[in-house]
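Two complexes are shown next, each including subunit A; its partner changes from subunit B in the first to subunit C in the second.
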Partner chain A sequence: MATPAAVDVDSPPAAESPAVGARPGGRWWAWLLAAAAAAYFYIAPIMLLDSFQRTLATVFMFAALAQGWNVIGGFTGYPSFGQHAFFGLGGYTVAVLMAKARWSFWPSLPVAIVFGALFALLVGMPVLRLRGHYFAIATLGVAEGLREIVSNLSSITGGGAGITVPAVGALATTKYPGNTAFYYLFLTLAIVSTLIVWVIARSRFGYALRAIHQDEEGAAAMGINTTRAKTAAFMISGAITSTAGALYAFQQVTVYPDNIFSVSEFTVLPVVMAVIGGTGTVLGPLGGGVALAFLSEWLRRHYTDLHIFIFGAIIMVGVIFLPEGAANSLRVIRTRRRLPFLENVRRYRL
Partner chain B sequence: MSRFLQATVLGLLEGGLYALIAVGFSLVWGVMNIVNLAHGAFVVIGAYLAWELKEQFGIDPLMGMVVVAATLFVAGYLIQRLLINLVVNAPIWMTLLLTFGLELLLVNAVLFIATANLRHISTDYNTASLVLGEVRVPYGQLIAFGVAIVLTLLLVAFMDRTRTGLAIKSTGMDRGAARLVGINARHIYAVTFGLAAALAAAAGAMVAMARPTFSPGDAGRFTLFSFVISVLGGLGNTWGALAGGLVLGVVQAWGGQYLTGTLVNAIAFGALVLVLIVRPSGLLGKPFYEARVEAA
Partner chain C sequence: MSDISLSVEPGSILGVIGPNGAGKTTLINLLTGHLAPTSGQVLIDGKDLSGSKPWDFAHAGVSRTFQIVKPFRGLSVRENVAIGAMFGPSGQKSVPASLEVADAVLDRVGMQGKAGALPSELSIADARRLELAKALAMRPRLLLLDEVMAGLRPQEIEPALALIRSLRDDGMTIIAVEHVMKAILAISDTLVVMHQGKELAKGTPAEVTSDERVISAYLGQRYAQRTREADSA
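== the complex of A and B ==
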């Protein structure tokens, strides 16, 4: 890996990369499909079962989380493995404000979003100086540490026994709005985060992030303030993720540190979704998030004992055969009329 | 004072075991730039195999350890050769995800086969203790500590004095150059991963013997400790892993005396982040390789 030739492996050949070549926004028909799906989902809940609305709400939440990671991991190339810190922070901000300060949900939500962004700023200033694995591990360490702090601050957070949002009865600060409301909230979050990513992808800022991904020194030499761009990307990612966490906490009513700060569910799963869908693309993480969240729910229902086992196998197969994501492989299939799976394996194997 | 001394001794013993858990993880990370999230799963599998050998055939865990390590060496070799080698050159998060998928698969296979019950191996020696004045040293943990130190020293000797060990080191320093002088990198990578899996499995057998209980759910914790220790010690640095393990064990034991609940873990993570930011090459100084681009 020390040879300069091998270093380039980290950034895939230019023609294949989502960053250059193709238009950043994706194809018009993909957008049309996404818009049609969005419209359908806005009208649909009337004809959906209550339990299915709940499943769909989870699916949308994961799509938003995948987009949140996409901003920092996919575009900027900084693989954050501490997204669950933002998720848990957002959730606990809402839960503590509602349960202890007796706020209602709606003013708590923006506070949670701001906290997510501020925490990203605070953590990002030292940690974004690290790269690669070191960045991944440092963010993971921050998140795990935050979980331990939250579990041990019993007076504020309720500790390991969890905290319950006052959502029912006379003491409720905001009445529990029901599954349909959360369906709409998460759907809106998924759409808004995709639109944010779309705006980023077409903006000067987005090009700066991609430049950092491909060659950070080169980007700095081109006059990009890399520190500011990276930090901004991390803050956007943190804000999206903490919004999802805030909604999740209200939806679950009772949250526990071990549940809401789960690294496998709220960090690794979204990363898998973004990677398999296509990092650094606009619609890839959305598609990957929806597809994998559905798959996960379906497996959970039909193979109760073995669903995680099967899911692990699917992740491995996906990583090996779709290392650049479904979005990019679909592009290769369409433009070159051949299946790129073996090509993908050949590119990254030893 | 005696409480403090007791905590220190127990912390050192525990730290030796941590070091044995982490040393393979550190090796794989240092040589191949792979963060193996399935490492804790190997430890758990080692523990269960040792338990199974004891229950089914009455084989003592100290003997069973050899069998378990040999089995996991073969498994690790095949996993690297057939799976991980396929994505070695991909962006780093791909290897993270691949090993994460592997971890899910392995841990849930163990859960499915062996259930989530807490288990323990009991022998006629691991419940007794050696009493030195006011300090009590449990034999089980003492033996595990001794095994950990011996295996770590053997690894150092292997890396420094055998052709294979030197080939592993040179492949880690510069894979391109190593291949130019005729080293089969695919094979060497697989051997490295096999060694790491074997060491993890041996550590698992010791965990099964020395710790009060173990269960499949411990896998994630073992992996996290390995992270912390590898970073503390410097990647691929065997002595560093040993030192990092002992430091972590003692700090946790001391913290346990003065801190409530699980705040000890928060300190471990805080130390991890601090070391990463201030001294990414580890506490013991230079990492195993310096020329590597990713470390910059």
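== the complex of A and C ==
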């Protein structure tokens, strides 16, 4: 049958489904690059300055946060704006267990991870019934509410004055492990969360999430238990994010509600990283997280007064000229042989 | 919708017709868990599924198409169809096994060459076929078709009818909601006419089209006259 609309798809080699067949894994060279970078970063601290290790640890943390958001926002299409709830919850779980219950860090960490997942389950049950903006606002509200609760439960959390992890001196439950240790912990977290996303992308679960993203009613009609899949995705996202928060609290030693429950730092920034890198892809959020976290650090150092302004301008340019993120733009260039940079300009008449 | 009761014999095609707003799509939504009945029951193989979720219906062997097609836009045609095999009743198949099922189904509906295309690149006829292929990949025992002929050109309707007949001949039970009168008359074993949320008439296509109530409510006098003339000619 003559279907003019489909002709331009069929004429280039249609043999191995060029459009999307490549998605679940990305290209081998991208993976090789990522693996080489990971190997390099495992050896690198020997040659790096202490202060640069700290910068890199932050870069890896943001890559992990971007991946955490990617699971719920990128794959499932539920734009959570309450990721800082999980981040703060993970951080405060570790801080309270170490400072009040006098636990050491290592048993506190898995508790923080489990709390992150359970909080996602608890919040997800009502909130995952909402979609789009309503879901975004509800998650934001939950996170802001949690910060208020933490601020006001001074007997447990220390309230607005913050809480200090016992990491130095005779009272330390776990001795402060130093910048190199945190460098490795955050690097490992970034790699593990990327591997989790990679496994999801190739699995039936990943297809369920993408189907929910693209048409939830249609997904349910095809036998996907959408409630279960969405909740599981939110729990994975919450667990990754609370792990990052737990490491962060220990790294910072003292945490305050206003600092660890920061929406701009631990929700908006990871969202921007995932969006510019490419939501719903495996390597996009990793690349976006690393690139933007580096850029932000570099700008902060070289343009002390203007760095936020320049950073914001670069984000705007990135969002406009990389439709659906860098990873998806690269795929369009490779498979469709055209440059998509002006697509957003045309589509939205910018 | 009220006072409607219908059952469909395994391995037959039940056609449902009625004017706009008669409740045809509502009926399908009730039979697939997209709406829960306020009263009454939905039995699938004698098992009460009233109030169950859409995926429960899917797992019980019921699949459907949507009047407004619902492709997964970011997935290729092949992946769209594979989702049915991955999560359908026969399913819980692995991703590679599901993609193989998808290839076989695409073959059957005549879309072999479009496996790698994105849904946005399909013609209306192919988009409708994709909708059907997604449902078929679930290997349903009861298939509900919501206006699969809508928007097709006359020469595209005959192959679609042949495909639906061949599915019935394979033993599939089908409920087809349709606006295209000629199409529904050609394939239905039994026909139900709905009007304002109620069942107006039921019978073989011949019985229903000569029913006076059906003619006045839906078909119109002109249609009746035309068929009478055709009969006498």
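We take it that the second predicted complex is superposed on the first by the 320 of 350 C-alpha atoms of A that agree within 3 Å, B and C clash if a C-alpha of one lies under 4 Å from a C-alpha of the other, contacts with A are read in each partner's own complex, and residues count from 1 in each chain.
Here, a residue touches a chain if its C-beta (ideal position, glycine included) is under 8 Å from a C-beta of that chain, and two chains touch if they have at least 3 such contacts.
These numbers come from a predicted model, not from an experiment.
Residue contacts after overlaying the shared chain place A:Phe119 against neither subunit B nor subunit C.
Contacts of A:Ile308 after superposition: subunit B is touched, whereas subunit C is not reached.
Look at A:Val271: by the touch rule set out above, it reaches subunit B but stays clear of subunit C.
In the superposed model, more residues of subunit A are touched by B than by the other of subunit B and subunit C. By the touch criterion defined above, A:Val319 lies against subunit B but remains apart from subunit C after alignment on the C-alpha atoms of chain A.
Shared-chain residue A:His133: touches subunit B; no touch with subunit C. In the superposed pair of complexes, A:Phe182 makes contact with neither subunit B nor subunit C.
Of the two partner chains, subunit B is the only one touched by A:Phe81; subunit C is not. Comparing the two complexes, residues 1, 3, 5-6, 9-10 of subunit A contact subunit B in one case and subunit C in the other. By the touch criterion given at the top, residues 1-3, 5-7, 9-10, 12, 73, 77, 79, 81, 126-127, 129-134, 136-138, 140-142, 144-145, 148-149, 151-152, 159-160, 263-264, 268, 271-272, 275, 305-306, 308-309, 311-316, 319-320, 323, 345, 347-350 of subunit A touch subunit B in their complex. Chain contact summary for the complex, subunit B toward subunit A: residues 29, 33, 35, 83, 85-94, 96-98, 100-106, 108-109, 112, 173-177, 185-186, 189, 220, 224, 227-228, 231, 260-263, 265-266, 269-270, 272-273, 276-277, 280, 289, 291-296.
Listed in rising order, the residues of subunit A touching subunit C in the complex are 1, 3-6, 8-10, 14, 16-21, 202-204, 207-208, 210-211, 213-215, 217-227, 280.
Across the interface of their complex, subunit A is touched by residues 32-34, 53-55, 58-59, 63-64, 66, 70-76, 78-79, 82-84, 86-89, 91-92, 94-95, 98, 110, 113-118, 121-123, 125-126, 134, 138, 156 of subunit C.
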